[in-house]
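First, the structure itself, so that you have it in front of you.
When the chains are written out, they are named A, B, C, D and E in that same order, and each has its own residue count from 1.
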C-alpha cells in the first residue's frame, strides 16, 4: 500500500472508531457486554500504531518517498476562498515521525491500560469513543500540512480534553474543571488564530512549508513584523502546553480519569505547543527577541511549577506540576534554539511521565481511589511491579544517567549554556535539583515508611490486573533505553541526524559559535558533571527526608523546615496555594467579569431599551396632551377656528406686506 | 340653456331626479326598503353611465360656469361609487334602529349631486353652491338617528361650525370677487397672473381673501387647527354615515381645493404653499399623535382620517411646488383612501348592527373567534390604512412620497415633509395594530351573539376589498385615469 | 428562464402562497389536514429550490431571470433573478421553513390553520426578498415579511407577546419606511438623470451601473446609505438597535424563533450586500468605520451580556447579536475573504441558531420553563437530547469540522487583512462565546438532575422521533458544510467578486497599529 | 322749495345722512342681537338690523336686493327663527347667564379680526371706483337668467334638499312610537 | 356734482368697513352666546355682512362688463337663498337636539369629548 493511502488512514481510523462507538457503543455494551464495546476502539488504536510505525521508519531515515523535505498528501481543498485556498492535506517529515512515535505508542498503551482501569465504570463505551476522538484530533494536529488544519486539530484536541476531563459529568468539580480547561485553552487559541491571520496577511498562503519559507525570505519587510507573528503563535502554544500564565487549568484537569491525565495531560496534548514552536522554528529563529521571551516564560514556568510540586499532597497534582515544570524545560530549550534537544526531551518525557501517571493510576486503583499521599505509605511490598516501574520513572525524571531523562535534560542545559543563556542554564540546574527532590518525596510518601492507608482498605490492597501492569513494563523500557539508543554520542546522536533537515535552516540563521572550554576543561564533561551532581543532590536530600524501604518519613524534620523562619512559612503556604493564581483569576475574571456583564445587562435593559420605550411613551403622552384640547364644547372649537383664521390672515398680510 | 348645456349637466340633473324618484317611490310604497334601494341603485347606475358618456365630450356649459373634463369624470365616478357603497352599508344598520331608508338615500344622493357640481365647477359661486349642496345633507345625515343624543349632538356641532366656516369661505369669495371683478375661475386665474407678474398691485385685501378661503376650505377637509368637529361628528353620527362623512365630504372638499387653488389661485402658489405645508405637517402629526391614545375605534378612525388628510395635503403641496405627480398622487390617494376607509367603517357598522353595541375597543376583543371573515377583512383594511404593501394604502403613500421627494428638488422643505409623513405612518401603525391586537390576540369578554349580515353588506365589503387589493397590486388600472385627470387641471 | 423553460423562481416564491390558500380551505376541525398540506407545500418548494441549486452555473452572475412589466408608469417591473448568494439564502429559507413547520406540529394546537397560512405567507415574503431584482418589488416583499411574523409572535407567542410583537413591528417599520424614502430618492435621481423617463428607474442592475458612474456619491449618497443602513441594521440586528430581538425571541413560539433567527436576521445582511454596498460605494466607505465599531461592540457586548442571561432563549438571542456582528464586520471590511466569511456566517448562523432554538423548544415543551437556574443534569435524564445540545453548542462555539468555524474564521481572517485592530478585538469573542455557551451547557446538561426536573417525573421524556427529524438535517448540513464549505464558497464567489467590484476594494481603513 | 343740496348745518349730502343713519341703526341693532339678554328681544333687534340693511342696499343702488332682503330675511328667515325660539323656550332654560365662559377671549379675537379687515380694506387700492352703478330690475333679471341660470337652478335643488331633510328631522315621530 | 358731496355714501371703503364690522359682530355673537338659536342669528348676521360686501363691490367697482352691478345683485340674491336653506336645516337640527337634550344651551352638549 503506497504511503499516500497509508498516511490518511492514521487520522481516519480513530474518527471512524469514534463514530462507530458513539453510535453503537451504548447498545453493544448493554447487549454484549463491556469487551464487545471496547474491541473496536482499542483495536483501531493498535492498527494505527502499526501503520504509524510503518510510516515512521522511512520518514526518520529520509528514505525515498519522504526524502529530507517530507511527503505531502492532499485529500481535497477544504476552503477554496478566492485568494486563500486551504486544503485538507498531511505532511510527514522527521519531526512528524518523532511525534507520531510518542503519540501512537503512548496512545495504544493508555487504551490497553484503560480497559483495566475503567473496568467497573458503566459508560466506558463513551470513554473509549472520546479517547478515539482525542487520538484523531492529536494525529490531525501533528500530520496537518497547513496552519488552519493545525488550528482545527488544536480546537478538537481542546474539545476532547473537555469531554474527557468532564467524563464523570455528574461530579460538579469535574464539569467546572472541564469548562475551565476549554476556556483557558481558548484564550491561547485566540493568540494562535491571530498568528495564523498574520501569516496569511504576510504570505498569502497557509501551507506551513510555503508560508515559513516566504516569511523568512521576506524578513524585515513583512506586513506584520515577525516578532509579533512569532509571539502570537507562541501564545497558542502557551495555552495548550499550560505555560505561565495559562497554566491554571492543568492541575484542575486531574479531575479526569487517570489514563486521560496520562495520555493527554502528560504525553501528548501538552506537547502540542512544543511541536508547534518546533514546526515554526524558522519563524522563531528569525525573530530572536521572541525566542528570548519563549525561553524566559519556559524556564520561569519550570521553576514556578517545581516550587508548587514541593508541597502538594495529591499524587496526581504533584505529577501535573512536574509535567508543567518539564514543559517549561522544553520551551526553555526551544527558546535558546536547542530544537532537537527540546524534541528529545519531549519524547523521553512523554514516556517516563506517561509511565509515572499510569503508575499513580495503578496506586490509586489499588488503594480504592484514594489520591491523597498522606493516606498512603508502605505499599512497596504490596504492589511490587508498580513500585519497581515507578522507581524507574522517578530516576529517569530525576536525570540520573544512563536513563532517558538525563540525556534529554542534560542536552537542554548544555545547549542553553553553550548558546550563552547562562541564566537559563542556572535556573535549569536548580529546577533539576528540585525535580529530583519532590519526585523522591512522592516515592517516599507513597511507597515507603509505615502504612497510613485507611484500615478498611488496607487488607485488600492488591497489584492491578495484567492490562494495567503490562503497559507499565512496556513504558519502563523506553524510559531506560531511549536516552542511550537515540542520545549517544552526546551532541549528534541518531535523533540529531534524523531531525537535521527540519532544523537546518534555523541553525544557519542562528549560526551559533560553540563555546568549547570552561574552566580549562572540555565544556561537555563539566556540564554533565554539574547536572549529575544536581540530580544526585536532590535525590539524596529526598532520600534523607522521605526514607527508603521501611524507614519512616522524617515528618518532624520536614515540619521543622517548613515552620522555620517567617520566609520559609510564607514560601510553604504560597506553594501549597499554587501561589494564589486560581484566586487571582477568580477575582479578575469571574468576579469583575461577572460585575461587568451584569452592568452591561442592566445597561441593555434600562438604557438602550429604555430609550426605545421612552420614545414610545413620549409620543403617547404628547398624544394624550393634545387630546385635552378636544373639550367637547362647540364654542371652544369655534374660538379655535377664529384664532386659526386670525393667525392665517396675519401671516398672509405679513407675506403681502413684503415688497415682492 | 341650450341642448349642449343640459347634456353637459346630464349627470347632475340625473342625480337630482334620482333623489326625487326615491322620495316619490317612498310616497307610493311607504316604508318598503327594497323599493327605495332598487330605485337608488338603478338611479346611481344611470348617473354613472351618463358621467362616462358625457366625460368623453370635454365641453363647458352654462356660459363657462360648469366644465366637463377628465378630472370631473374621475371625481364624479368616485362620488357615485362612494354614494353607492354608503347606500349599500346603511340599510342593515338603519333598519335595526327603525330609521327610514328612503329619506336617507334621497338626502345622500343630494349630497352626491353637490359633490358632482363641485367637481365640474368653473365659477366661484357654483363652487360655493356645490359645496353647500354637499355639506347641508351631510349635517342632516349626521343627525339622522334623531332619537340618539350623540347623533344630534354631533350634528349640531358639525352644523354650527360648518356654517360658521361657510360664512368665512363666502367672505373670502367676496373679497376675491372684489379684487378681480369676476367669479369665473379661469378669469380669476388670468387676473391673478397679472397681479403676480407685478402689473397689478398685490394688495392686503387679496391676502385677506386668501386667508379666509384657506380657512374655510381647511375646515371642510378637517385640517389641523380647524379639525375640532371631526372626532365628535364622526363618533356621534350613525356608523354608515361616519363612513360616508370620512370619505364623501372630505374628497369633495379636496375637489374644492383642486378647483379653487389649483384652478383659480395657482399663480399665487408661492404665497399659499407655505401655509399648505404647515397645515400638512400639523394635520399629519396631531392626527396620528392623538389617535394613539383613543380607546374608541370610531374616534380613532376619526383622528386617522385627519392624519390621512395630512398625507393628501403633502401631495397637494408637492403639486403646488411644481410636480404634476403631486396632484396625481392626491387623486390616487383619494380613491384608495375612499375604498379602504369605507370598508373599515362597513365592518364597524356590521359589528354594531345590534343596538347598544358601542364602538369601543372592547367590543373588538376576540372578534376573530366570533366573526372570522369580518376580522380578517378588518385586518386587510387596517394594513392598507397603515400603508403596508401590497395594499392600496401603500401605493397611495408611495405615490405621494415619490411626488414629495421629486418636489424636494425645488423646495427642500418637501424632503422634510416626506420624512415626516413616513415617520407618521410608523406611529400610525401602532394604533391600527392595536385594533388588530384586540381582534386577534385577546379573548372576547362578552359572548355577544353573531348577527347575520345582509347580502348588500357582503357585496359592498367585497367591492371595497377587491378595490383595496387591486389598487395595491395592479395600480396601472387607475394610473392613466389619474394622469389624464391631473393634466386636465395642471 | 432556465434550460428547462420553467419559471423556477416564480414557482419557488409563490408556491407557498398557493399552499397558504390551499391550507385556508382545509377543514378547521381537523388541524392535521392543515399541517400536512402546509408541510407538503413547503417540501415541494424545498425540492424546487434544490433543483435550482442543481441547475445553477457557478460564478456566472444572476440567472433564472424573469421580467414582466408591472407598473409601466413608474418603470417598475416584476423582475426576479438569483445569483449564488440569493440561491444559497433561498435554499436556507426553504429548508428552515419546512423544518419549522414540522417542528410546530406539536407545540401549536390552537388555530392551526391561521398559523400555517401565516407561516407560508412568511416564506413567500422571505424568498421574495432574496430573489427580487427590482427595488420596489424588494420593498414589497420586505414589508410582507413583517405581517405574518407579527401575527405569529402576537397570537401564538408567550405571556407578554403583545408588547414584544408591537415593538418588533414598530422597530422594523420605522427603519423600512425611511428606506422607502431612500429608494424613491434614488429612483428619482436616476429618472432625472435619464431625462425624466422612469424606464427601469427601480431596476437594480441599471441602478448599480448608474451608481458606478458616481451619480449617487456626495451627501445624497451618505444620507441614502444611512437610511438603507438603518433599516438593515435593525434587521441584523446591530448594536444599538438590537433590543427588540431578545423580547421577540422570548415571546415567539419555537418555530417562530427558528425562522426569525434562521432567516429574518439574514435579510439585513443580504440587504447590505445586495443593495446598500453596490448602490452607494463611496458612502459605504464613509460609513464603514462607524459600522465596524458598532459591529465590534455588538460582537463583544452580545457575548458578555449573554453570560448573565437567566433565560435560555434570551441567551441564544444575545448570541445571535454577537454572531451577526461578524456578518456586518465581514461585509464592511470590503475584503474578499471577509465577505465570503460573512455570507458563510449568515448561512451557518441560520442552521446552528435555528437548531439551538429547536432544542430550546423541545425542553420548553416538557418543562414550560426556560430559566437556566432550574435546569441541570439533563445529560443523565435525556442523554440523546444532551448529546444534540452539546453538538450544536460546539457548532455555535465554532468548533473546526463544523460549519460555524469556517464562517467565523474566514471573516476574522479577511478583517485582519483589511483592519487588523478590528480583527484583534473581534477574535477575543472566541473566549466569551466559549464562556457563555459552555457555562449554559454545563448548567443545563451536566451535574445532578435538578429537583425541578426531577419533579417532572416521567413527563421528562427524551427526544421524540419528530423532534429528532427536525434536527438531523440541520446537524448533517452543519457537518457537511464544516468539511466541505467549498460547496457554498463556490456558489457565492461570483456574487462576492461582483459586490466587491461594485464597492471597490478601497485601501483598507487602517484602524490597525501598523500599515 | 327745493331741498338744499347739502344739509345746512352738517354740510353733508342727503345720501350721506341717510347712509349714516342706516349704518348707525344697523350696528346698534346688530349689537343688540348679540348682547340682548332676552332671546325674543334679540330676534326683534335682528329684524331691525335687516331692515336697516335693506335701506343701505337701496342707497348702494340695488333696489332689487333691498326688496329681496325685506322679503327673504325679514319675511321668511326671521319668522322661522322666532318660531324656533317659541318651540325651544322652556321655563327651565336659565335666563341669567347669556354669555359663554369664554366671552372675553371671543371679544378680543373678534376685535382683532375686525381690525384686520378694516386695516386691509383701507390699505387696498381697489380697482378704479366709480359712482354707484344702479342695478335696476331689468338688468338684474336679464343677468340672473343669462349668466346665472346654473346657480339659480342649483339653489332650487339646495332648497329642496334642505326642506326634505329638515322636515324629516323636525317631524315628531308619531307612528313609529314616541322616541324615548 | 352730487357725488362730490356724498363722500361717505359713494365711497366703497365705507361699505366694506361696515360689512367688516357687521361680520365681526356676527362672529362675536357666534363665539360668545350660549343659546343655539342666538348662534344661528349671528351666522345670519355674518351672511348679511357678506351680502353687503358683494353689493358694495357691484356698486362701486368699475368693470368693462356693463352688467357688473347686476351680477353682484344676483350673487346677493343667490346667497340669500343659500342662507335660507342653511337656516332651515339649522333650525331642524336645533329642534331635534332640543327634543333629546331638553336644553338649547350649546355648552351642555359636551357628552363627546377628548
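One rule holds for everything that comes next: a residue touches a chain if its C-beta (ideal position, glycine included) is under 8 Å from a C-beta of that chain, and two chains touch if they have at least 3 such contacts.
All of these numbers come straight from a predicted model, not from anything done at the bench.
A.B. asks: If we look at chain A and chain B, which chains touch each of them?
C.D. replies: A chain counts here if it touches both chain A and chain B, which gives C, D, E.
A.B. asks: Applying the contact rule given earlier, which two chains have the most C-beta pairs between them?
C.D. replies: D-E
A.B. asks: Whose Cα centre is nearest the centre of all Cα atoms in view?
C.D. replies: C
A.B. asks: Could you please state the distance in Å, as a whole number, between where the Cα atoms of chain B are centred and where those of chain E are centred?
C.D. replies: 27
A.B. asks: Hey, how far is the Cα centre of chain C from the one of chain D, in Å?
C.D. replies: Those two chain centres are 73 Å apart.
A.B. asks: Where the CA atoms of chain D average out and where those of chain E average out, how many Å apart are those spots?
C.D. replies: 6
A.B. asks: Centroid from C-alpha atoms only, then distance chain A to chain E, rounded to Å. What do you get?
C.D. replies: It comes to 100 Å between the two C-alpha centres.
A.B. asks: Among the residues of chain D, pick out those that touch two or more other chains and give their numbers.
C.D. replies: 100, 102, 106, 109-110, 113, 116-117, 119-121, 126-127, 146-148, 151, 155, 158, 161-162, 165-166, 169, 179 - these are the residues of chain D that touch more than one other chain.
A.B. asks: Which chain C residues touch at least two other chains?
C.D. replies: 170
A.B. asks: Can you list the chain E residues in contact with two or more other chains?
C.D. replies: Only 16, 23, 26-27, 30-32, 34, 36, 39, 61, 63, 68, 71-72, 75, 78, 82, 85-86, 89, 92-94, 96, 99, 106-107, 109, 111-113 qualify.
A.B. asks: Pairwise, which chains touch?
C.D. replies: Per the contact definition above, the touching pairs are A-B, A-C, A-D, A-E, B-C, B-D, B-E, D-E.
A.B. asks: Would you mind writing out the residues of chain C in touch with chain B in their complex?
C.D. replies: Spelled out, the residues of chain C in touch with chain B are 70-74, 114, 139-140, 143-144, 146-147, 150-151, 154-155, 161-162, 166, 169-170, 173-174, 177-178, 180-181, 184-185, 187-188, 192.
A.B. asks: Tell me, which parts of chain D touch chain E in their complex?
C.D. replies: Result: residues 5-6, 12-16, 18-20, 23, 26-27, 30-31, 33-34, 39, 42-43, 46, 49-50, 53, 56-57, 59-62, 64-65, 68-69, 72-73, 76-77, 80-81, 83-85, 87-88, 90, 92-94, 97-103, 106-107, 109-111, 113-114, 117-118, 121-122, 126-135, 139-140, 142-144, 146-148, 151-152, 155, 158-159, 161-163, 165-167, 169-170, 172, 179 of chain D touch chain E.
A.B. asks: Where on chain B is chain E touching in the complex?
C.D. replies: Answer in residue numbers: 125, 128-129, 132, 136, 139-140, 143, 146-150, 152-157, 159-160, 163-164, 166-167, 170-171, 174-175, 177-178, 181-183, 231-232, 235-236.
A.B. asks: Which residues of chain D touch chain A once you look at their complex with the stated criterion?
C.D. replies: Residue positions touching the partner: 100, 102, 105-106, 109-110, 112-113, 116, 119-120.
A.B. asks: Using the touch definition up top, name the residues of chain B that touch chain C in the complex.
C.D. replies: Touching chain C: residues 368, 383, 388-390, 394, 398, 401-402, 405-406, 408-409, 418-419, 422-423, 425-426, 429-430, 433-434, 436-437, 440-441, 474-476, 479-480, 483 of chain B.
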